């Protein structure tokens, strides 16, 4: 059986369009230093470093762990670089946890980052390949038809996505690290924002951010000695399926459903809406909240949008299952780090450390990330208690 | 902790240009042979899958996503990827088994380096402010490393040429090798230098290829009833990126990894070392303290063919082959990443 | 010069790498047929589903695909988006419709442009047909099909999308 | 199955990245623009050129800049007979590890020389500046033998 492990330190940078004051190493370093400070540890206390980020083409540095080792105090230690597309921040946290849960390491540092201002994500994701039709209009262009199909089959009202966009930005306004700070955002403002990839409006999309997130993960003994409350890892799971195959369920991918079932089983969750206190779920386009509410079993099929419209996922409306109190991906999106931010924010909640976006008394929280054509999933459940 | 074993290994032929064969088309036949060797149907029959690849080899983001198409991942599978040599994917898989979330794992690596200019592509792995904009290629960095050793009297050009000759000769028994032949050290020395002091023969070729391994707990391996080699230790270690601050004539991180992996707990019959340049094989041999009792790179090593992102995993596979064939009872495999052996992984394999 | 005392805080770093791309075997076969104005899929020997463009394997089964299947250039809209921003390095001017289309005889969608249509009237289940470039311009490229346009055929019910035979849809 | 032709097509993956440097790299490049070379003191007092942001041994943040000489000696080198298209010279040249006067850690740069025989380990070289310096590593166009 897996050894117990817990998050004992969390560090993030402020998320913003361009961190013009730091190098790539400086950005990554800042999150790592903050995590060490939070854990009241030094570089010498770390046994290995696990680094994650999305495609190398975003920064144009091939396998950047090679260059980043000096900034991360890793020399003389193991360094592992994970890349599982958009889910990578979550996968990286899970791989880091496995270093400890396997009993191989006592305490590791994990960092995920993206410095998107070094390039243009649209370019990196859409660079033309010979012999293929060059119609790839970025991630939004890929996901818009899937959202349209969800709208068709669920019969959800047109403004569900607008509501999510407002809710997550209001959440983000409580989080000083969030990139978008829009405390006065309204439904009207979102509705009137530019239609980018119909049905996705500008304000229903995530921003492009620079940022890094780091965590220190320790074994049971060391976590027990941690000066601050640990967040115990109660379950962690990953699933992958191919991008395209005949008959693939794209709206509610089986990989997401299976991954959720696995992590719930590990954490002893039978009804996620009831058993979990809060969830940080990867929602880069607003309509993915109702879609994932169904995919992850928080609502029956076709009814996810009702939870959203009832305010069940809103901190401001005292919802019973707040989703993305940090503001989520809709408020900050350094792609490679976005998944780890979800995982780290879930941990902050159960440590009671989420300040203005704390869900009162949160004891059990979920972090979620997805990537590729909604085909790679990573999830974990963290708790205030060991079991 | 559960004992973990390698139960199967396959690789593609190593070729200078796989031509009209995309990455998936390169992987599928290798996986097919591996399934047959292990006696499984597909990736559904293992508990975890992990791969290693690099987008920049072919110049397109998300290379690994294509790899998933080779797996038959419906229903969905537990799967992960490292943007590193697949030897590190094997490392990640071992952690997964050790923590009890899997009893078996499929690991594969693939690289099609022929579309680009590999030494220049890899120059973009270097410090993005001070080195990458100079476009200093990895062959030249290795050449400087070789010269340091020559200057300090640590090696001679004859020593380097002998490494090449042995690689070519050993590779004659490796049906997948790209470069093999009855080559002598004198033949090598007769060549002109290319990036002096290196000759072309001192450098590994640019290769296209893939390889794959299945690992499992020893209980599972016995249940499957197939030959296996036990992974008795594995560790890896990285050094500073600043070449000027490393002793380039040594590989301290390899030594550390080998020590932590328990290499010195017994005799080493065979060693497969990921040395892309002839002098690096000497650095590694010395860092590991190997002597003439160890057969070094019986497959020919990567001087006989270097499928990026798979070659490190292949080293482990080659040691596995020698143990299950009875040629060796204990061996080590080494993998490397980064310029001039910056990051190194050592695996120790033993006869069951 | 006033810039003399300027502090450097950023650099422009051009990274240009040259590659020689080789289409995979399945893609090369497909493109060779497209050059002749024919869409060809590949059928999985295991699950019988027809892939287009073929990739040499069935992603679901993880087995090589070899059997080639000629497809119709008529298709059904599986879903779509109306895009209002330009694509980097692409001359298409927004707004334009990018649709996920399933060709008759295939079981999986591909992405292509729709045109000569009222954007607001594009809908799931709509029938469309390829508008080919003049034959003399045909090359190894899906761009031989300029775009798809709506045709006067009844809509395909959602549950039938992806299962229309190569002989077409009669309603 | 029909036999496919092999379809090849060249393409270029090209983008000009906009990198922010942070204070340490920025200081080095600012000095380059002024035709000065600075290093940084490591935790153990060694002078590293170009300056590293973090000490490779202790992981400490470094900040103590030291101006170093524009001449130094070759610690090792590689002679490039056939320069690659991306290389900074289209004539044969050397890549070298060069320890500048006042520095302890050698740096990588290129050395212009007529032939391999003229270059040797221990040879003295000096920086040759680009006609226009802009705050980029290639402001040092190359080194040449003294």
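Letters A, B, C and D mark the chains as written, and numbering starts fresh at 1 in each.
Just so it is clear, a contact is a pair of C-beta atoms (placed from the backbone, for glycine too) under 8 Å apart; a residue touches a chain by one contact, two chains touch by 3 or more.
What you see is a predicted model; the values in this text were computed from it and never measured.
Distance between Cα centroids is largest for the pairing of subunit B with C. C-beta contact counts were set side by side for A-C and A-B; A-B has more. Measuring from the averaged C-alpha position of subunit A to that of subunit B gives a distance of 33 Å. Each chain gets one centre point, the mean of its Cα atoms, and the points for subunit A and subunit D are 38 Å apart.
In terms of their C-alpha centroids, the spacing between subunit B and subunit C amounts to 38 Å. Residue positions of subunit D with contacts to 2 or more other chains are 4, 6-7, 9-11, 13, 15, 17-21, 25, 29, 52, 56-57, 85, 136.
Looking at subunit C, residues 9-11, 13, 15, 17-23, 25, 27-28, 31, 58-60, 140 sit in touch with two or more other chains. Residues of subunit A found to touch two or more other chains are 20-21, 23-24, 57, 59-60, 70, 75, 120, 123-124, 127-131, 242-243, 245, 248.
With chains as nodes and touching pairs as edges, the resulting graph is complete, every pair of chains being joined. Those residues of subunit A lying in contact with subunit D across their complex are 18-26, 29, 43, 57, 59-60, 70-73, 75, 117-120, 123-124, 127-131. Contact residues on subunit B toward subunit D in their complex (touch as defined above): 19-20, 59, 117, 119-120, 123, 128-131, 133-137, 139-141, 143-145, 147-148, 151, 193-198, 240-245, 248.
Subunit D contributes residues 7, 9-11, 13, 15, 17-25, 52-59, 61 to its touches with subunit A in the complex.
Subunit A meets subunit C in the complex at residues 20-21, 60, 120, 122-123, 126-138, 140-141, 144-146, 148-149, 152-153, 194-200, 242-248. Contact residues of subunit D toward subunit C in the complex are 1-2, 4-21, 26-27, 29-30, 33-34, 85, 135-136.
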